[in-house]
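Same chain, two partners: chain A is paired with chain B first, then with chain C.
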Partner chain A sequence: MNTEVVNSYIPIYVKAFLLTLKIGWVGVVLAFILGIAGAFVLYFKLPVLSALTRAYVELFRNTPLLVQLFFIYYGLPVLGFKINAEVCGAVGLGLLGGSYMTESIRSGLDAVPKIQTESAVSLGMSRSQTFLSVILPQAFSISIPALVANVIFLLKETSVFSAISLMDLMFTAKDLIGLYYNTTESLFLLVVFYIIMLLPVSFAGSMIEKKMRFKMFGDGKHGI
Partner chain B sequence: MEEKEILKVDHLTKKYEDLTVLEDISFSLKKGEVVVVVGPSGCGKSTLLRCINGLEEIQDGKVSIEGKTGMVFQSYDLFPHLSVLQNLMLAPLKVQKRKKEEVQKEAEQLLERVGLLAKAKQYPRQLSGGQKQRVAIVRALIMHPEVLLFDEVTAALDPEMVREVLDVIMDLAKQDKTMLIVTHEMAFARAVADRVIFLDGGSVIEDTDPENFFGSPRTERAKRFLRTFEFESVNAS
Partner chain C sequence: MGFEVLLKGKNPVRLLAGLGVALRISLISVVISILLGLIIGTLMTMKNPLIHAVSRIYLEIVRIMPQMVLLFIVFFGFTKMTGHNLSAEVSSVIVFSFWGTAEMADLVRGCLTSIPAIQYESSKALGLSRVQTYRYVIIPQIIRRLLPLSINLITRMIKTTSLIMMIGIVEVLKVGQQIIEANRKTSPHAAFGVFAAIFILYFLACWPISCLSKYLEKRWEN
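Up next is the complex of A and B:
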């Protein structure tokens, strides 16, 4: 491996990395918003909306992101909506992520015992107060491992953005290999930057998990 | 004791689909009165309390309450993600919009009273069952309900913790709180009750004072029910 080549590529990768990170995290935030909304609808079994949410979840969980991006990027303009690649990537990722987050948060909500709701209602709390202050925080603690896995999954899925000509990490690597044939260096940097993107998420995830779950369940070591 | 009726249950009927769980139940509680509800398992005691505090829809009759109820359940139902103090303060702050300092002060006073001030910053998982139930009682109390409902609050406790919880309820009776208590602790029932309601098969079979109920129950069903506790008292003496 030629370190000079690696060094000269770094600025190009940093640019692609920042773009990937930006779109990835916008997508993740969107996914959380959709996931909380979707889980709320399913948890309260809201009529009509529940059926729509179920259809949305099944549709997006059971089709590849690439196909979804093609639909948004090439399909919407046909219907008269112009959309740029960055927005398309973030929205596509958000929609895919929203379907996963909905399921993860909903299963967390379902795992909170019914007596918790009844206690809160017995104390005079409204349904929305109960949901926000009692049920959702507990559901999050229960769902954290699944949510962290979803975030990592979504950030990795950014690698298909190159298909809609977004100059993300994957696009950059392919482009450089195509132009200069420095395959080893290009792939090396690709792996390094993905790890830089994802390792902190893994670490932060474990830390949040430890902290939030410890409050509720303890970890056996610190006991009483 | 004042004569004002705080809680009035009028011809209440509760069904789950075809199953009639409570049938034509009528009774009332005056201010400061302590009424104990006893009866065999499955006779509808929990359902009665749940109908009174609005957790269940009723099919017929009426429940009228002067003010609001507070309830303590059999299972420890503290909010596990909140500390003891936060458990106590959540509803007063969110529902009653009271001032934080005032609520915290009252929470600490009440915790002191049940001997748990030292646990204020701990989480429910760090408490014993008896401690959790005492916190649950305080959590109901701090909302200043006109009627307190207790549903077998010691039934899930280890025997050595039953006493500490019952003592708290006895203390509340001395403060003239109005309470409707479901319990299987017969000695406690006899000591705390102004009146005993015996429920069987979803109906009120007896509604009388504790001396009469425990001393000379009128009905065959009550006698049979009380006999199931005899082994217990033989054991204890």
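Up next is the complex of A and C:
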């Protein structure tokens, strides 16, 4: 490996890295917003919206992001919806992530035993108090491992953005390999930057999982 | 809207054949992943510190490296390092099996460690031999927990194989692009119809499998 080549490539990669990071995290935030909204719709069984949410979740969970992006980026402009590649990437990632987040948050809410609601009501708590201070915190701590896994999954999925010609890390690597044949250096930097992007998230995720486990009483199976 | 190109000439057959290429690669990878995953997952439950360390590193690599990056490393990196040309199909099977094996092994490890010790103790108390314990008590429970999860892995594998177009394999997305290019003059709106069709094709390939996995999980819950 040629260190001079590596050094000269670093600024190009940093630029691509920042773009990937930006779109990735905007996508993750969008996914959380959609996921929370979707989970509430399903949990409270709102009419009509529930059916729509379920259809959305099934549709986006069972198709690859690459296909979704192609449809949004190349297919929709035909109908007059033109969006630029960056927005398309973030929206596509947000839509994909929203379907996963909806499932994870909803199953967290469902996992809180019914007796919790009944006990809260018998203590004289209102409906909103019960939901906000009894159900939600427990549901959240149950969902944490799944949410962390989703965030990591979404950040990894940013690697397909190059397909809609976004100048992300993958695109940069492919471009540099094609231009100068410095395959080893290009791939090395690609791996390094993905490690910088994901290793902290992975560690932070494991730590949050450990910290949040205190909310589970007993063996975490019956005593929640 | 561009749906008319879908039925033109051999286009429907070509699109389905393209999906077939992706499905074939994912099925080969799934079979390899499940077999290797069962072995490696069982090894991971051993208390040997070396196995523990190696498997931790392996799982962490798979956890944080995008499959796309692994695909590039194998497809471009291998050729660069050894001088031998690895075909795109072989590279993708290697990468997806590498990834799938880790996922499967983690599932197997999780299932094995979730069987409470009391199950083994009770079997012993009932006078079952080691083989009988596994045959009648442990393995049936493991299969019930593992089967829905491994079926789910199949849909994830199918979705991931859409990446193979990025290393030049002609699969359904690539065929779609070719159809759009070829009909640019006669039907300029083909992009919508073709990509919508591919979207639905992938959904039809994955959804029934997801439903089966969910059904089995519900049925065997207790």
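By definition in this document, the second predicted complex is superposed on the first by the 207 of 224 C-alpha atoms of A that agree within 3 Å, B and C clash if a C-alpha of one lies under 4 Å from a C-alpha of the other, contacts with A are read in each partner's own complex, and residues count from 1 in each chain.
One rule holds in what follows: contacts are C-beta pairs under 8 Å (C-beta built on N, C-alpha and C of every residue); 3 or more make two chains touch, one makes a residue touch a chain.
As the structure is a computational prediction, the values presented were derived from the model and not from experiment.
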First (chain B), second (chain C), both or neither touched by A:Asn2: neither
Contacts of A:Gln138 with chain B and chain C, given as first, second, both or neither: first
Which of chain B and chain C A:Ser206 touches, first, second, both or neither: neither
Chain B versus chain C as contact partner of A:Thr158, first or second or both or neither: second
Between chain B and chain C, more extensive residue contact with chain A: C
Chain B versus chain C as contact partner of A:Tyr74, first or second or both or neither: second
First, second, both or neither for A:Leu123, with chain B first and chain C second: first
Touched partner set for A:Asn84, first chain B, second chain C, both or neither: neither
Of chain A, residues touching chain C in the complex: 58-59, 61-68, 70-71, 74-79, 152, 156-160, 162-163, 170, 173-174, 177, 183-184, 187, 190-191, 194-195, 198-199, 201-202
Complex contacts: residues of chain A adjacent to chain B: 113, 115-116, 118-126, 129, 133-134, 137-138, 141, 212, 215-218, 224
Touching residues on chain B, where the partner in the complex is chain A: 53-55, 68-71, 73, 75, 77-81, 90-91, 94-96, 123, 125-126, 139-140, 143
Chain A-facing residues of chain C, complex: 1-2, 60, 63-69, 72-73, 76-77, 79-81, 155, 159-160, 162-163, 165-166, 173, 176, 180, 188-189, 191-192, 194-196, 198-199, 202-203, 206-207, 210
